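Quick heads-up: structures coming right below.
Below are two complexes that have chain A in common, paired first with chain B and then with chain C.
Now for the complex of A and B:
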């Protein structure tokens, strides 16, 4: 690539619109949110400017810490489940002939384009008593009567995995298509079974991208709102649901703001780790 | 391994398609309550989408917000990606990070930020508030697609134009911009579809006055299930699946998703 020019004043002027928009409608709102986290909540009339640490102190109470740990835990678990299924699936996918390959990609993209609202709604039905999976099992004769599987921890986990799964596949996909088939062929020529090749050759090579995919699912599910709200009881709610709940129904916006900043820091740390891993893999390959 | 592959791929496809089957069946079920096995066949729930004024209004809100916010997102992203990838700017990595930050963080952050922002200005519950919030949140998508196009663009083309005497502006208008159009369209489409589906930002920014489709669906579910919800979902899915299938037929879906061209040749 040729040496880039120094920008003139007028070119920098072109940046004024995008940077200005991000400044006014992203950074300033974020600043207001930080300020709001120190405001005082009036039970009757919303909130008013003040400087107090009450909302931040509330963050460090055992009740909240337990909720935060639960969110982190369930999202980590979703990341593990997703990557454990998505990695072998994507590996098989990249080694398919063109037609099934493209058909599966369209299926994955269709699932990806479903609104979280629609996903929550259809699993709500599928896991419900009235017309869910259990009714099919009763109909075939496996079960004697229908059962409800939501709201439950497992239902929330399943929903989170569903919305993250397509993203997880698309993160792994570009790297896995670049995995040279000659490497796996060499392992098999030397006598390794396909199973052994997968575990001793493919997985170690792809380890950085597995970690990155796992962390991306983690951040993504941390942002999910509707799934935990619809498929879980309040004890299965994630941080996003608590923030939205405090910001709308309970109308404790200052506390919601403090939680949102906590969530931002948590996400930034994870995104930072992903960035580090990615820059390291780029150097290797 | 082969048996394992067949089982895994089948299970994943069943898992991914299961919700689609439920809503497809639910949307044509004659009975108002979705029961099993389904009873009768009726398209009346689809008809309701086009006759009921409440659904009509939500469709109009959603499509308006998606169309304008996606355009605004491309308007933000294009000069940003162009300048950052063409000129030597010391702050470029920082500015790029600022551009992708809204989307990298959980949407609830943008949602709450925008809520307190509009509350502090006193300009509350308007449709333009949602449009701006979506434009900022989804501008990351065109920013990424256009930046990628800038990176893979043959630099000899704009350089040739410059050598032949075209100034910066003419070069951009006649060479660079036409080459960027496919990535702008992709970015627009991605922002449009995700804006149509977005719930939490729309809800916190103006959920009580501007009832978009996802907001209306969630409000509806609080009062119980209506087959119209399933009908909306089916319409959404058909639009998305058609778009991607057309993409696969006329474009190269695998390449677009980042597959290595060398490997694709072998798998043909």
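Now for the complex of A and C:
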């Protein structure tokens, strides 16, 4: 085991800025949010400093617990779908010749320039009956009448996957680019088909980064509320939609803070569980 | 778990908490006090007050005020009216585009509590938004005598606080009516009860919050002979259960007009509730000729009012009061009605517009419209919100 050196003054100086930023722009606001979640709510008005548990008690109403579980479920599903598509996509992308490789990468990553509102509204139109994709199917004679595919669970899932997909690729891309081609060549020299090489060699090697990409999508989509709000029915709305509603329309910031902290804790628990499973599995294999 | 108990103002005493112990709870207990200590000084006293001292609206030349109105069509048209005010009073008006009142009031409160300049000196607040602002004590007050033009206003357009000081002045009113896409609906229904008809399965657009859709008032009127049933919590729950029956018909629960307008225009939804004035404009040539129609239901359209209100930390109270007084003039009210399609807050006989023009914006008249039950939302806000979430939005 290598002995870690004592950090030099210069190292500490470099670290001071990000640590300071983290403290000022994350930890202090988070502390304020924790405190606010215990504040007293004045119905019909705003809120005032106090210490009471009413907001937390309200959070444990079945309707909000159900919304929290739904949010976690759909975001885990979005993570699975994204990884299932992004991993083979990125792998084969890195194996392409340079020119199409770069072009495709730029096209995919250009989606990052779109805001969540634009994405939600675009899918709303594309999945709608007035000017959506079903009109093309009607035009070529496959359908007799245009149909709407939103609001629906599938529309929300599609929207979440769309906004998270480029981030997923960004997570996978560096490691897959650096994957030594000799490893896959060796597998194929020993008689493995390309498909078998992919499943039995590439995927196991890349497992940590697959888990990282999956968790990134999960955490990223958990904070999304415009997609769910635009493309889903109320039963498809994530907890984030209700947090936004309470904080803005209802002026109930203490309850919104309690819900936001609850969602953060839940997401940390899920991340912890997945990380634990991954590390244990790695130890066994 | 009993929701009434949870939503009651339950507080845990410091002694009980410490008795139960727990480092985390203790730390959390300390945080509000620490934050309270670090918080800026309490907002200054209202710029206006209940005393009969007149507000100086004479020496305002050179002042600049920020006036907030709903973003989009409203704000664009209001903006065009301000130069005439500037010319007459020498007060520059900076137009601010504001979101729905409920959201705007929260932003105002946070700015005022932080001790900063308000995002707008004068804002237009709906009935529910105004009540929240009054309860939160974020508005300036003044006397009716400070706004002499208010004598032209119809009854109910001046809101006062407990000390009879003016705190909100009706700038205009608007209707929520039955709106349909003419391409999808050949003949519009003329009753709110159409929302319950299975014919409209997955075709409706309704406002999503109890306090801005006023669907409780509509349901009570259509199925329970009026608002009496809304006097008790059991009654409100009964009304909500009746309203639950519309859920299979609702395709879009919208938050504001920006979300609903494209859905109506494109025919993503066929029928629903929407704003009469915006529909009139969208269907007009100037508005693009969208295939929309607005119908006044036989039970009465919902009427809501935008009240001019002044942020209490404004530095230009005199100019703000002069602005509100200016907006009470019958000629200005008439211009607003003809431009925006809203209902004037001044009495009918003070304006020179024709009966035909008046009827186009006021329909069968404000007196037969359904009035929002503001006091219900004021008293039971969180309880209604909780049950609305459980029964309607789930």
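Here, the second predicted complex is superposed on the first by the 237 of 285 C-alpha atoms of A that agree within 3 Å, B and C clash if a C-alpha of one lies under 4 Å from a C-alpha of the other, contacts with A are read in each partner's own complex, and residues count from 1 in each chain.
Rule of thumb we're sticking to: a residue touches a chain if its C-beta (ideal position, glycine included) is under 8 Å from a C-beta of that chain, and two chains touch if they have at least 3 such contacts.
Since this is a predicted model, take the numbers as computed values, not measurements.
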Chain B versus chain C as contact partner of A:32, first or second or both or neither: both
Partner chain in contact with A:131 - chain B first, chain C second, else both or neither: both
Contacts for A:109 in the overlay, against chain B (first) and chain C (second): which applies, first, second, both or neither? first
Looking at the overlay, does A:18 come into contact with chain B only (first), chain C only (second), both, or neither? first
Go through the superposed model and pick first if A:213 touches only chain B, second if only chain C, both, or neither. neither
Is A:94 contacted by the first partner chain B, the second partner chain C, both or neither? first
Examine A:232 and indicate which partner it touches, taking first as chain B and second as chain C; both and neither are also allowed. neither
Contact-wise, after the overlay, does A:58 reach chain B, chain C, both or neither (first, second, both, neither)? second
When the two structures are overlaid on chain A, which partner does A:79 contact: first (chain B), second (chain C), both, or neither? neither
Touched chain A residues, chain B compared with chain C: B
With the touch criterion stated at the top, can you tell me which chain A residues are shared between the chain B interface and the chain C interface? 32, 125, 130-131, 230, 247-248, 253
Seen from chain B, its contact residues with chain A in the complex are 1-2, 5, 8-9, 12-13, 15-20, 22-23, 26, 33-37, 75-77, 79-80, 82-83, 86-89, 95, 98-99, 101-102, 104-117, 120, 132-133, 135-136, 139, 155, 159, 168, 193, 196-200, 203-204, 207, 214, 217-218, 221, 225, 229, 233, 236-237, 240-241, 244-245, 248, 253-254, 257-260, 263-264, 266-268
So, in the complex, the side of chain C touching chain A is made of residues 1, 3, 6-12, 14, 17, 28-29, 31-36, 39, 100, 102-103, 105-106, 109, 131-132, 135-136, 208-209, 251-253, 255, 259, 266-268, 377-383, 385-386, 389-390, 392-394
Under the touch definition given earlier, write down the residues of chain A that touch chain C in their complex. 31-32, 34-35, 38-46, 49-54, 57-58, 60-61, 63, 66-67, 125, 128-131, 148, 151, 229-230, 233-235, 237, 242, 245, 247-253
Which stretch or stretches of chain A touch chain B in the complex? 1-8, 11-12, 14-15, 17-19, 21-22, 25-30, 32-33, 36, 85, 88-89, 92-98, 101-102, 104-111, 113-119, 121-126, 130-132, 135-136, 139, 162, 165-166, 170, 173-174, 177-178, 181, 193-195, 198, 219, 222-223, 225-226, 230, 239-240, 243-244, 247-248, 253, 256-257, 260, 263-264, 267-268, 271
